Amino acid sequence: MTENSRPLDLLNSAKGKTVLIELKNGRSITGKLIAFDVHINVTLENSEEKQNGDTLRKLGNVFIRGDTIILISPTV
Amino acid sequence: MTENSRPLDLLNSAKGKTVLIELKNGRSITGKLIAFDVHINVTLENSEEKQNGDTLRKLGNVFIRGDTIILISPTV
Amino acid sequence: MTENSRPLDLLNSAKGKTVLIELKNGRSITGKLIAFDVHINVTLENSEEKQNGDTLRKLGNVFIRGDTIILISPTV
Amino acid sequence: MTENSRPLDLLNSAKGKTVLIELKNGRSITGKLIAFDVHINVTLENSEEKQNGDTLRKLGNVFIRGDTIILISPTV
Amino acid sequence: MTENSRPLDLLNSAKGKTVLIELKNGRSITGKLIAFDVHINVTLENSEEKQNGDTLRKLGNVFIRGDTIILISPTV
Amino acid sequence: MTENSRPLDLLNSAKGKTVLIELKNGRSITGKLIAFDVHINVTLENSEEKQNGDTLRKLGNVFIRGDTIILISPTV
Amino acid sequence: MTENSRPLDLLNSAKGKTVLIELKNGRSITGKLIAFDVHINVTLENSEEKQNGDTLRKLGNVFIRGDTIILISPTV
């Protein structure tokens, strides 16, 4: 990453890849990152709610409101 | 979905279909998505409050304020 | 409702009718919807605080600040 | 109230009269409504903190920050 | 106070006088009101944290961020 | 301080001096005030987390996000 | 640091270095600071969640939403 990179660059480079999203209510959701905007509103495909590595439930396509998000991490 | 998709595209494509909405207070509401705006204020028809797949009560038409919403998922 | 409807349309059509408003603190208020604005600030006439269908107290005319509102549902 | 009324109309008509204000922290304050603005910042004269109809303490003149307010109701 | 008074008028008239400020975390601070702005950020001189009329500690000059404030009351 | 002082004047006059900052999560941090902005974002040098006058840990240079701050008090 | 420094200067000077970030939910994350913006949205490389100096888990690249951040401290 360069001297002039911006935080959203990481999200741009993660489009089409699987990301882990942690929410303010303590829940974790993984899925393929489809889109995001400046509010960090996010849409995922094939999303699943996770707990300790286990799948709690499948959510499929999902829109997550940005103000509920703590962090987004591309998974390897 | 394309390279340039935006988060609200998912909501646009879900108009007229049944969605699951999870709220910050832990409640879940399902209903037919009628309208939304940039604040993610949403209106639903034939909405019901749900718990573990059971219907707690029927709400009918409902306006949900965007800042109370965690996620919106179109149901299959 | 049409393809181009907006969330506030539901509130507009509910003016002059009885609505149920649920607040973030867990309380429910019913009353005749008189006015609302883009912040979802709302005024009601003949309002009552409700619990499980029972009237806890009568509030009469009331102004409710929008950021305390979870949902608004026109009652049949 | 007319078709085109706005939520702040109720507060305007309550100026100079006694109102009940309920706060997000569960407290209630009554007093004569002197002024308000678009943030719903409010000033009261002869204000008192109330609980179950009893006066907990007299506050006199008070400025209340709008974002702490749930509802404002003119008392008869 | 006149028909056209605004909420900040009360704070203006309280400049140089002792005020009681109650915070969202349940604490109370008194002091001489020096300045405020539209966010209700406030500075006090000779401020003290109070509990039931007793002084918990002296804070001297203090800047209080507006969004932590519930109410401000000039003390007689 | 003059009739026309503003809340940020106190912070300006405290630059280069030691201040006490209390946070919404109940913690206290002291340090030399280096910079602040209109959001009350703050940077300190030689900062320490304090509890009852004792140093819990040294933080050195630190950026504190404004919306986590309750109050800032220059220490004598 | 000079008389005219701004809070974001500290973050600029920390780019490419390891920082400690403390979040409102009580968690701590360390990593190499790659980018930040005016909302204090931040991206880190080689990030780890820490507790009492121990690594709870490795997060790698991570985007952290600014409004969840309490403080950012460059580590020596």
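When the chains are written out, they are named A, B, C, D, E, F and G in that same order, and each has its own residue count from 1.
Going forward, a contact is a pair of C-beta atoms (placed from the backbone, for glycine too) under 8 Å apart; a residue touches a chain by one contact, two chains touch by 3 or more.
Keep in mind it's a predicted model, so treat the numbers as computed, not measured.
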Cα superposition angle of chain A on its copy chain G, in degrees to the nearest 5: 50
Centre-to-centre distance between chain F and chain A (centres being mean Cα positions), rounded to whole Å: 34
Gap in Å, rounded to a whole number, between the CA centres of chain G and chain D: 42
Of all residues in chain B, the ones touching two or more other chains: 67
Chain order, ring traversed from chain E with chain F following: E, F, G, A, B, C, D
In the complex with chain E, residue positions of chain F that touch it: 1, 3, 5-11, 24, 26, 40, 66-67, 69-74, 76
Chain D-facing residues of chain C, complex: 15, 23, 25, 29, 34-37, 41-43, 45, 47, 59-65, 67-68
